[in-house]
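The next part holds the structures, each set out as structure tokens.
Two complexes are shown next, each including subunit A; its partner changes from subunit B in the first to subunit C in the second.
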Partner chain A sequence: MTEALTTAWEWITRAHGHLLIVDQVVIALAVVAFLARHRIRRWLQSHEAISRGFSSPFVRALLALGLIMLLGCRFNADGAFFHWSTHRDMFRSYSFFGILACGMTVVILTAGIDLSVGSILGFVGVVFAHMAIRWQWSGWLAIPLCLAIGAALGAVSGALIARFRMQPFIATLAMMVFARGLARYVTSNYKIGRNVILPDNTPFRYPNPPVFDLLDSKILWDNVHFSTLVMLGCFALTWILLTRLRVGRHIYAIGGNEEAARLSGVPTAAVKVFVYALCGLFCAVAGICFTGQATQGDPDAGFTYELTAIAMVVIGGTSLMGGRGGIGLTFLGVLIFGYLDKILSINGQGTEIRFMFTGLIIVIAVLLQRGEK
Partner chain B sequence: MFPPPPLLRMASISKSFGGVPALVDAQLELRAGEVHVLAGENGAGKSTLIKILAGVHTDHTGTIELRGEPVRFLSPQEAFAAGISVIHQELSLVPPMSVVDNVFLGRERSGPGGWMRRAPQRRSCRGLLERLGLVVDLDRPVEEFPISVQQMIEITKALAFDAQIIVMDEPTSALTEPEVERLFAVIDDLRERGCAIVYISHKMDEIFRVADRITVLRDGRHIGTAPAAELPRDRFIHWMVGRELDEQIPHHTPHRGEERLVVEEFTVPDPGGRQRPAVDGVSLHVRAGEILGIAGLQGSGASELLGGLFGAFGRCTRGEVTLLGEPFIPTSPRRSIERGLALLTNDRKTTGLILGMSLTHNTTLASLPRHSPGLWLRHGAERACAARHMETLRIRATDPGMTVSSLSGGNQQKVVLAKWLETQPRVLLLDEPTRGVDVGAKHEIYELMNRWTAEGIAIVLITSELPELIALSDRIIVMHRGVITAEFAHGDVDQGRILHAAMGHREEHP
Partner chain C sequence: MSTWMRSLGLVCALMGCALIMACGPQAEAPAPAGEAGEGAPVVGGVAELPAAPETPEPTPIAEPETPPAPAGPTEDEEPRWTIAMSQCNLGEPWRVQMNADIAAAAAQHPEIEVVFQDAQNDASRQRSQIEEFAAAGVDLLIVSPMEPEPLTGPISEVYQQGIPVIVLDRAVYGEDYTCFIGADNVKIAEAVGEFVLEILGGEGQVVELTGRMTDMPGRDRHIGFHNVIDGTGVEVIFQADTIWLEPNARSEMESALSRFEDIDLVYGHNDPAARGAHLAARAADRDDEMLFLGIDALPHEGQAYVREGIFAATFLYPTGGAEAIDIALRILNGEEVPKEIVLNSRVFTPDNIDQGGEVLIFTEE
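Up next, the complex of A and B:
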């Protein structure tokens, strides 16, 4: 038995010649933990405070994030992981998803779902590009208008769900297809950029709108992207909404037991419309940031983003059944998702590997979260 | 001479749910070719006994003998295979599937590779339907037929597998008069074929029309079995009630004030969309400081009456309601709460509480507009409010932040009561406030009700525990199939008269 183990160990170390000390320690710890799993479980049972801590979704999500960060330290791509710019870029490229995930969290807490977030992002993005580039409107005018458009589209989904009793999946699926079509219709399926050909066949270049410069800027001595700030602002707003405002309590109540909430005087229909409108508003925020960074409006922007946003919410530990979870969990979900992708990409892995890992991490995260009742 | 062994004998059956006994030493004996009525009040143990017979509950003690052979069913499939078929109130048909597919569901006749043999299936299905005198299109989905036809289809399903014992749980609750006649004709036919039928009903006339023998259960015990012809009605009622009044229940002292709620000709359509309204032209009134008791067996419409008054079904109700001297049209729970109404529903887990939320948040849920006017929540005020109610209602919880799902039934119920008290109601509608609550908590709830009426709240109380109803109510109205069949004053009533009225026997209004 001992011999077999020794041989196996030797085989492992030889097969991967560059196995570091840290790998060996991790493997040894994993083996010890596996062999002592019953003892660990018993120890946890006798220490109720600790086991209760482990059963909280927040601690579980934090642990998962910690593991991802350890992976990042191990596979640091010659120290790239330790550079702030890596983290800054991760935050930049995931800020759109983070903004969408805020709205998605609120919707999912009411036991709903919103599949239209990617499409609304795309539509609002091209509308904003048109206003800012072609019409050269000021940001002060264009941004509020675009936010209103996003909220209105969300409110339509919400009205279909609350008034006409459509299932959220169906109503927002319809909105997803419709908004994507709308984005292509208003752009005639072309990207809206600064370069155009005038009728007399001379190329013309619109000036870069100042609002784009703002949206693509870095602040705090080039250390943080503007869109990251916007994302953090969205998270803060959602946190206030869910924990400090009355409507937040109503959202949790509807997700927990809609009938009991209705009989307790919660205006369920109005809250649902509000929730989908808010989600649409966040989509508009993401669409504006997206266009600002790309300096053009792409009618196909945000394609499949809804699935990423849902995955982030679920990885964080918010229940798709509604009523359980929170915005803090979603923030961890965004970080887990973002860092996993970033670590794989700085190590030179292509999308094929990244997609497969993403699928795996969703399964693992959901299995972990299932531990609680 | 020994008589032939009965078709089925259940003896010394006991079963408890979480320490609460539901059946104690119960028995049931069925002979071939008889209609056996199983009677008892709500919660007497009828459905538990049937579920044991049908193999739904398997962890019981006692013996079951089928044709003299001891059997023990470990699943509904085993019971079904042994020829026992239960037709539940909620039909177990698959609504969008066709008649013939439903009849053979789970027992499809198939050849090699699962290839369905449709033709013989249709032939035998048509034969069975003819036997029951039912002419329907075999390929239409069952959901397109009225409930009565669906019930017939369910019976067809039982016959298709040669069921010897057919249990019908309140089969007429959804039927109109002519449909009931058809059902009785079918029952007569089944009886002649040698089937044994267990018939559960709350309707006195029906029971004595259809029964060969009657078994009465009360509080999970077997009280008696007798041929229907030899059982006078008053003895039957006495068997069902039996209990002496519980002296422990504090008698309520009324503090009559002004009229709080006056209801004239109130009608609530059936929430399931059936033709017959759930509440049909009910009139009642209740004064400040008074407890109006409503008695009714299953399907009486009492719960729907309270729900309708509270606006739980929206604007579909008809009738004139006067609340606190002003006209009131029930539209939504939100409006009703604002006007001083509160409704404690009869199922706290599905309609009363949000189980995943904390005690504090559940307590303040219905009164948030008052607690936290404006946008912002006031966490401090909420915590203080929860702490106050924990103190006055004696809610036993370690921490107001714990989720209500981890509380005991009695404490959960007190949280719901606290939620409604916090809305400062003027009229409190209580639907089974002591259901699933231990004895100690029950008494605390009785005392609380007395305290609230002393404070001038008007209470409308539904409870299926008659001693409780009699002791607490200042007046009692009795409902049967959506209409009021009797009204009693405090002290001028006994359980037998209430039960008579609840089973459809009309008494003169005093």
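Up next, the complex of A and C:
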């Protein structure tokens, strides 16, 4: 017992040695805020504008993001966090997730879920690689075809859900397994890259498709990666769709109460097929960007990406029950996830720490979203 | 309205199916990456066969037995033995290569036939596949087990029934197998360490992009490397787990690049890790400042990257496929074989890649 106590005391003193003055101030402020929480709440209630602000999910997601950014400033890895390149690279590596999360948001708003996003990304990725590398098709031909394939696969899930009344979880689970199998089948388990070994054992190298250079380029004087721009485009498109078009209102209506929506004349089946097809389309966009950057098609690309995409949507504040949330929230969710991972990465933390932090941040973000009743 | 939507959906679905079908068979045809040896029996290849130095023996045996059929490859001959190959996971390119090596080696010997099974990374599935093979009465079992713990028992049972067993790549417990063939990751990583010491002149800053550290190969490739470089002027300044994946390696390398001004060398535990790092460095215009090293050296991955000039070296992690067929034939012909064979590695550098690399000898036989 005394041994455990001394060990604990040693840990505390050792931790204390690592703390900067900033940390001690932050800890002190947090303790004060916790002790004075009733007073703070009363003060907030008496200032209606502020309390209304804090009850909006967007501000709450911003709070979580702010927390992450503070963490980044504190653990800045010898100033690496303050380099723009760190942020640019974060946006690049998370652009795929961002694009997937756009489609996922729309699906989740209808109270559905799409588990097949990672697999469709992988399948479209290898098909695109095959078209661009092996068949030397131009991007103008390959990209629209790949987008159509993604949308078609999404539409199949949508049709299973809308027409055959399958649970979205089950229908898209089936699509997840099927599309992964398909990706492995068409590639015979090989990555589709530029280097091959010909049957007579001589190495051969296909020329680099120009479309790959575009997809892996940096624009605005090397400050923004091309795929980041694609991601922002997807977010803009989804925002217009959800807030400016009639189908957006239908999506929210279905998520709120499907039966009521149907009775008031919303074509629920058509909207659902559309939503899953759109999600498939976004997966195709992500798959194309992914392949362009890796300069090869990997049939296992996008493995478990669906879980990250779902987590991003949820920590943004969109409800899994449907009908509540929005694309702006998902954008914040992507930033929260991306920055957390980047901060842990520049600090050279191992996977064990990253998993624990990711788990913690999901819980904290969701608790922040819920707030106090 | 909804009929319109439905027909649109149908059209989309049909289009998708058509594309998939269009893609499927053709996708397999121009993907000769690993099936190099399997391409040989194709009609067009026959004319080239005599020129190839590897096949002097089978051609004279095959010729008298196949008199008329012009297109008939050597398959007409009745195989004497059936060899079963139980692969634990065909989702990995390296294991695809292992199967391809076995198939290529077996294609040289008409007296054997190899049947393959893929356990899809599931030990209990592999167990039932092994049991099915034994029940079908195969003459020899080659098994690359998923994990030792659940598979030692089933493999031992097959061995006790009198079927010779070759364990490939991953070991099982105990002595109930005929021969174990595997490479030694620690030794290969030590060779990497010595190469790094030499090429950097005993001093430098290294980024180590590890494989999944909960996997045995990931740990061994870390341990072997540090066995050599620890205590020297070569220092690992950044280490990250890529779980063997290229996209992860790229984002980790981006972090290393934004944090460190001076990086002399990147050691990737597999070739995709080193290539992901190269992609990141190239995007940051810093790929000329540092060297890239990988392990595995698959012909269409690591070896091709050395040939492209982006890798300073890649170290072969041999699949043992060809050796397994060789040992299998010796066992079936009643010869004595050693209980354990540690495979030699090869290092491929831009200087020796055209000569097929340089052999690193770990065991003399």
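Throughout what follows, the second predicted complex is superposed on the first by the 355 of 373 C-alpha atoms of A that agree within 3 Å, B and C clash if a C-alpha of one lies under 4 Å from a C-alpha of the other, contacts with A are read in each partner's own complex, and residues count from 1 in each chain.
By our rule, a residue touches a chain if its C-beta (ideal position, glycine included) is under 8 Å from a C-beta of that chain, and two chains touch if they have at least 3 such contacts.
This one's a predicted model, so the numbers in the text were calculated from it and none came from an experiment.
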item: Which partner reaches more residues of subunit A (counting touched residues only), subunit B or subunit C; value: C
item: Partner chain in contact with A:Pro207 - subunit B first, subunit C second, else both or neither; value: neither
item: Partner chain in contact with A:Ala253 - subunit B first, subunit C second, else both or neither; value: first
item: First, second, both or neither for A:Arg324, with subunit B first and subunit C second; value: first
item: Subunit B versus subunit C as contact partner of A:Leu245, first or second or both or neither; value: first
item: Which of subunit B and subunit C A:Leu263 touches, first, second, both or neither; value: first
item: Intersection of subunit A interface sets (partners subunit B, subunit C); value: 267
item: Complex interface listing, subunit A residues touching subunit B; value: 243-250, 252-253, 256-257, 259-267, 323-324
item: Subunit A contact footprint on subunit B (complex, rising order); value: 310, 312, 333-334, 336-338, 343, 345, 350-357, 361, 365-366, 368-369, 372, 374-377, 419, 423
item: Touch list for subunit C against partner subunit A, complex; value: 1-2, 5-6, 8-9, 12-13, 15-16, 19-20, 23-24, 27-28, 30-36, 39-40, 42, 45, 48, 90-91, 93, 96, 213, 238-241, 243, 246-247, 250-252, 254-255, 257-259, 279-280, 283-284, 299-301, 303-305, 307-308
item: Residue ranges of subunit A in contact with subunit C within the complex; value: 77-78, 80, 83, 85-86, 89, 92-93, 127, 130, 134, 145, 148-149, 151-153, 155-156, 158-159, 163, 182, 184-193, 195-201, 203, 205, 216, 218, 267, 269-270, 273-274, 277, 290, 293-295, 298, 300-301, 341-342, 345-346, 348, 350-351
